[in-house]
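Chains here go by letter, A, B, C and D, matching the order in which they are written, and residues are numbered from 1 within each.
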Amino acid sequence: MYPPLPNPTVTPSAPKLSDKNLMRRSASTVPQGESMQQVAKLIDTSKCIGCKACQTACLEWNNLREEVGVNAGSYTNPHDLTTASWTLMRFTEWVNPETQDLEWLIRKDGCMHCADPGCLKACPSPGAIVQYTNGIVDFVKDNCIGCGYCVKGCPFNIPRISKAEGKAYKCSLCSDRVAVGQGPACAKACPTQAIVFGPKEDMKKHAEGRIKDLKSRGYKNAGLYDPPGVGGTHVMYVLHHADKPQIYAGLPNNPVISPLVEVWKGAVKYAGLAAIGAVAALGFLHHAVSGPNRVSREDEEAAKRLAEGKS
Amino acid sequence: MADSEVAPGDGIHPGDPVKVDRYTAGARINHWITAASLVLLAISGLALFHPSLFFLTALFGGGSWTRVIHPWLGVILFFGFFGLFLRFWKLNLWKREDGTWMAKIRDVIAGHDENLPELGKYNAGQKMVFWSMSALILVLITSGIVIWDQYFGPYFTVTQKRVAVLVHAGAAVAAICVWIVHVYAAIWVRGTISAMTRGQVTGGWAWRHHRKWLRDLVTRH
Amino acid sequence: MNMELSRRHFLKGAGAGLAGTTVGAFGFGDIEAAYAASIRPFKLANLTETRNTCPYCSVACGIVMYSKGDLKKGEKADIVHIEGDADHPTNRGTLCPKGSALLDFVHSETRLKYPMIRKPGSNKFERATWDVALDRIARLMKDDRDQNFIAKNNDGTTVNRWVTTGFLAASATTNETAFITYKAVRSAGMLVFDNQARV
Amino acid sequence: MTNSWTDIKNTDLVVIMGGNAAEAHPCGFKWVTEAKANRGAKLIVVDPRYTRSASVADLYAPIRQGTDIAFLLGVINYCIKNDKVQWEYVKAFTSAPYVVKAGFKYEDGLFDGYDETKRDYNRSNWDLEIGPDGNLVVDETLQNPRCVWNMMKAHVAEYTPEMVSRICGTPKDKFLKVCEMIAATSAKDKVMTSMYALGWTQHSKGSQNIRGMAMLQLLLGNIGVRGGGMNALRGHSNIQGLTDIGLMSNLIPGYMTIPTEREATFDTYMSTRGFKPLRPGQMSFFQNYKKFFVSFQKAMWASAATAENNWAYDYLPKLDVPAYDVLRAFELMHQGKMNGYICQGFNPLMSFPNRKKMTAALSKLKYLITMDPLETETARFWENHGEYNDVDPTKIQTEVIQLPSTCFAEDEGALVNSGRWLQWHWAGATPPGEAKLDSWIMAQIHLRLKALYQKEGGAFAEPITNLHWPYKDPNDPSPEELAKELNGYVIETVTDPNDPTKIVLEKGKQVVGFGVLRDDGKTACGNWIYAGSFNEAGNNMARRDNSDVDDTGAFSKWAFSWPANRRILYNRASADVNGKAWDPSRKLIEWDGTKWAGYDVPDIAPGAKPDVVGPFIMNPEGTARFFTRGLMRDGPFPVHYEPFESPVANAVAPKVRGNPAARVFRGDMEQFGDAKEFPYAATSYRLTEHFHFWTKHVQPNAVVQPEFFVEISEQLAQEKGVKSGGWVRVWSKRGSIKAKAVVTKRIVPLICDGKPIHIVGIPLHWGFTGAAKKGFGPNSLTPYVGDANIETPEYKAFLVDIESISGPVA
């Protein structure tokens, strides 16, 4: 089996993840941080039994309190990601057109920790979203202004805004655990090791083995989901049907940061200020060249005459 | 008179110089409320628009407050401007001489008013400011509502919001530019500002820039 | 128990050593570095660890309980986190959705805290002391046993049975509790005695 | 489990039938995924529903609930017809060559000796021929038409693929694919493991379901080997331990049995136990019965148990019925024949069939005592909760005493897992409020009862007043003290009979294992199968050395596995008649010419010659039984019987309803519904998000599965106009419930006997206490009948009707 994640230790240790390791920082620039080993979480949908251990482990480790909802005719509970549910098992009953057999596709949804994070790109608040050189994309509550731009920037529709607090929430890849040399709570808990965590390279190798096994069992399109459109992700999936990610509860086929967002946060941002600046400048220039447009004595006289001409 | 250039409250007072009432107190208050909200909107908007201006959020008590206040200012602007619209739309309708004025835009820029046709209460430039602002504010309030997650989050898709946020930014930039033109014109054309402060301009000013309006005033008396 | 031993062997066993090293190497940041702004201080630092077993199904996953206060030192101990024991051969640190939420079993709002008595016909439980409750139980049991104990059956065979009070044994108590239960129940001659094996 | 969770990684084929391991035992199921990932093992799931286990299976075959025997006998038939048999194993290690007694016969679904009025058999003919030498008559050639092999062959012949498909609703091609994959493991180097649970036990013929698979596994030579076995996945964390320690009406710790009133004296009691071997040179383990029994009596009553009083034989109550199982208990309660009931944990109101009957029964009690760390519906059965518990408290005269007990985090001791591992755990938390340890509570109840008897006297007080109570603090016996009692200790120094100066066992020492227990009162042992768990070497249950030589999955130095730290039962059968492993890559133990040795503790005398002593030493024949002789009430071979409530008639025995030998109490038969009135086949089950009725008290679990629901196929939903997420009412002859509907492709109508059978799935877990939404349980609907042998209620197959309603429930 894949080497289990170690038990957390109770002896305090200096965090191995710090501001020195920042790669990107929203609405601000940081010096390229000290490089770290790239980490990744690999989610093997073919090993996943949809038990939701990842969900309860996440709730417990992150001290989250989700509210008890209702049954809406499905096993997906709660019904969507929320500010308290950073991960969610999504269940899809899919009949394979080739075999006519039912396949119960179960996908653990949550932040993908994109190498090129749309949330971070869209965020207007300096330091509200950070990306570490090991690949973790994390929200910084204190700097978040709750504008929801991250929601618009995310190609996977992951962040959720708390109306009460006006803050954005999502999976942190358990940065506090990783900082002391452990793996995410969900990966530690996962009964079948459908979730494993480690160096991204190791994860890719491990995935190769899984894909080989799946192909030997007739899943000819089995493959790894590490979408290049967002520069790859630090949460990857092994899919039995990698040719159609969409069937896994709408996993984007090839996610990219929306061009709208790119334009908004690119061209418009600069062009806009330029335009404003230009117009202002023209004003000054014009004033300097042609000077003020003054009312002359003659004008007043003329007006006076016109007024008196009547009386 | 149907095609009169005179608005309610306009008036003329003989003397030296002649004084002309251009804006009533109501109009002026309405204008300044609108103006204030526009300025605040521009500042708070720009603060969230470009990181280099994020520091401006300090004026509103930080990022979160800026995010909360901005849309409400938008609402004020909308209704404020709506008031102005009701007051001014009629005299901002396009007239024949406006075309001539546009044709002679070089003289306009050079300040050779003597070469320009006699104009009513507003010249083509002012009318364009008026109408573009009307349009832009309509666009801004609409797109603004789409991205006002606090209250309207659930009603729109992420894609709709992405379009809205882009449109909102574009329209805002345009509005700010128009606003600059408006302000500059008021400064460049001396004697204008008193119209919105004391509500009066001198006869000479009216003679020089809005002679048709002045004539109508005189003939009305 | 010897944590070191189990860890060491596991390195041999399932190659957790690899995990130890790779996982340990995720961060190369300055060891002196303060926590990054985004990162919560690690919540288990300086707590007490206790090995236990998940009380639910019979896979009997090993768990580690992290508490404020150390029971062995006679302190009041309050569990703040529970997760799977990576040293355990069966679960290797993993837990199911029930095991992963054990903390909220321990702190459940519907945990019972005091003996309660509901009088016949009453529509509520009333709090009682342990002494009152236990003496009452002993009395009820003895009266019933004395009235209905069968020493001999109709054929005159000694049967020494008591079948008007029954006992249903738990399914998650320890062997030790089970044995003392067996002693107490059987010695009273009880036969209406069963456990949850069937459901 | 004959094997252990970690051993499953050694298998080639996993068959999950009568269970749902992925859903009910996720962390144990890990070893299935390991076997799949590392050795290309395959997984077959046979279930009425496409379960979470099925979602990761290589082959899923649907089956109508309650038809497993037809399916399994069909597979056996296939293996015999296609000569897919591990012949060496079958000939040497099973009862195949023995000759069945003349007079035994089977026809029309009944065996000989049936008495319809008693719903019972005279089993005298159900036995093997015994020769004049006292040994069994054997036909090694398997030619004798009455040898077990040929009798079995004939018995299963009618279960053809067509018949199986007709009864089970399993598409023929799927069934044949299953047969093919299973039959392949008859090869010496291929093994299959069977993982089952309540899906097989909760039927009126539950024991025979398991027999069916056990027979198949023997046929394929998969018992006693690594990666093989019959693996019962126990439900609760220590239900194995409670059964081991005999907390049942008819048991004494270590699977010894309580005397019946026909066994007036100790001698008559012993005469029917301690079997003599039935094969030359065979060892019969239960010849040691008396040693275990006497040592137990000494542990109970110490000096009060003497040779003179037959080791206090009369202190033990004598049974007048086979057992006072829970169904009988609540039947008696319902008849007003019981006054008191004590629930240590447990939640009968939600757990036992026919909830109406439960409420009525509890209402007739004088007193009810509950001990639990959590609220239970049972403790509040008298409280009105609208339609969820519609009772009138003023009309219920039961006095209820609710005692708060501790939970796992607060207590210390050992739990026995499914793989028979006794694992010690330590307390790490302070109990809330005044909650107390169960051991303390039981001590208090005993001591206070004892005090009353000492003060007032009363009916036969001796067993109570003389109960051995050697604890440092009598009020609060410690786990170690009790564990040591269970292991056993020496009362009087035992010396070598030949040399009195040689001390064999020293007074006061813990016994090293059950091998040294004596029947002369010099040793005491609470539970012989636990002997060795806490001996002079210390608390072996607390061992945490997780090394595993050659990665066999045995983990022999981790905790303690009963008996004698043996990890795989019948492990001698992993080697052939000459003592060589069938499959060298799966070596467990081998005969080195003088003794048995290997990775595991041999399940045989270390010096027992392989060609002489059979591997199944718990049977006097030394072999495994295809034919159970008179041991099972409903027949020596399994037969397909429909559930008592079935949508179709029995295809192999049309005249028989349900299991003819299953006990049905007066009045309950009338409570069974028929297919005309209740057309849909319902089944009940657990969900992975919850554990029984506990986790509805655990907020995060309430979140991930918040509300009671039933599952139906898209076709049935269409017929009934039910929308997924909408409300439905489901009712049986015994009751009615309201639930949300989950309309799913995972349930499909099965074609049985030519007509479509719709299945209604009803999970349990909800009630009227806890953090989850209030709801009902399937026990409002289920029939009051149990398995013919062990009385496990028939929860898995019953009839209901269903309709769409507006809801929501109050």
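Everything below uses one rule, namely that contacts are C-beta pairs under 8 Å (C-beta built on N, C-alpha and C of every residue); 3 or more make two chains touch, one makes a residue touch a chain.
Small disclaimer: the values here were computed from a predicted structure and weren't measured.
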Of A-B and A-D, whichever chain pair has more C-beta contact pairs: A-B
Most widely separated chain from chain B, with each centre as the mean of CA atoms: D
Computed distance of Cα centres, chain D from chain B, in Å: 85
Centroid spacing, where centroids are CA-atom means, of chain A and chain C in whole angstrom: 40
Centroid spacing, where centroids are CA-atom means, of chain A and chain D in whole angstrom: 49
Touching two or more other chains - residues of chain A: 1, 51-53, 55-56, 59-60, 143, 191-193
Residue list for chain C, restricted to those that touch at least two other chains: 48, 82, 84, 87, 91-92, 94-101, 104
All touching chain pairs, where touch follows the definition stated at the start: A-B, A-C, A-D, C-D
Contacting residues of chain B [partner chain A, same complex]: 12, 14, 16-18, 48-51, 54, 57, 62-64, 66-68, 109-111, 113, 147, 149-150, 153, 158-159, 161-163, 165-166, 169-170, 172-174, 176-177, 180-181, 184, 187-191, 202-208, 214-215, 218-219, 221
Complex interface listing, chain A residues touching chain D: 1, 46-53, 55-56, 59-60, 65-75, 77-78, 85, 93, 95, 101-104, 106, 191-194, 209-210, 213, 216-217
Sites on chain A touched by chain C in the complex: 1, 3-22, 34-37, 39, 51-53, 55-57, 59-61, 127, 130, 132, 134, 138-140, 142-143, 172, 175-183, 185, 188-193, 197-199, 202
Chain D residues within the chain A interface of the complex: 22-23, 26-27, 29-30, 33-34, 36-38, 40, 50, 52-56, 58, 60, 688-689, 699-709, 723-726, 740-746, 771-773
Chain C to chain A touching residues, read off their complex: 14-20, 22-49, 64, 66, 81-87, 91-101, 103-104
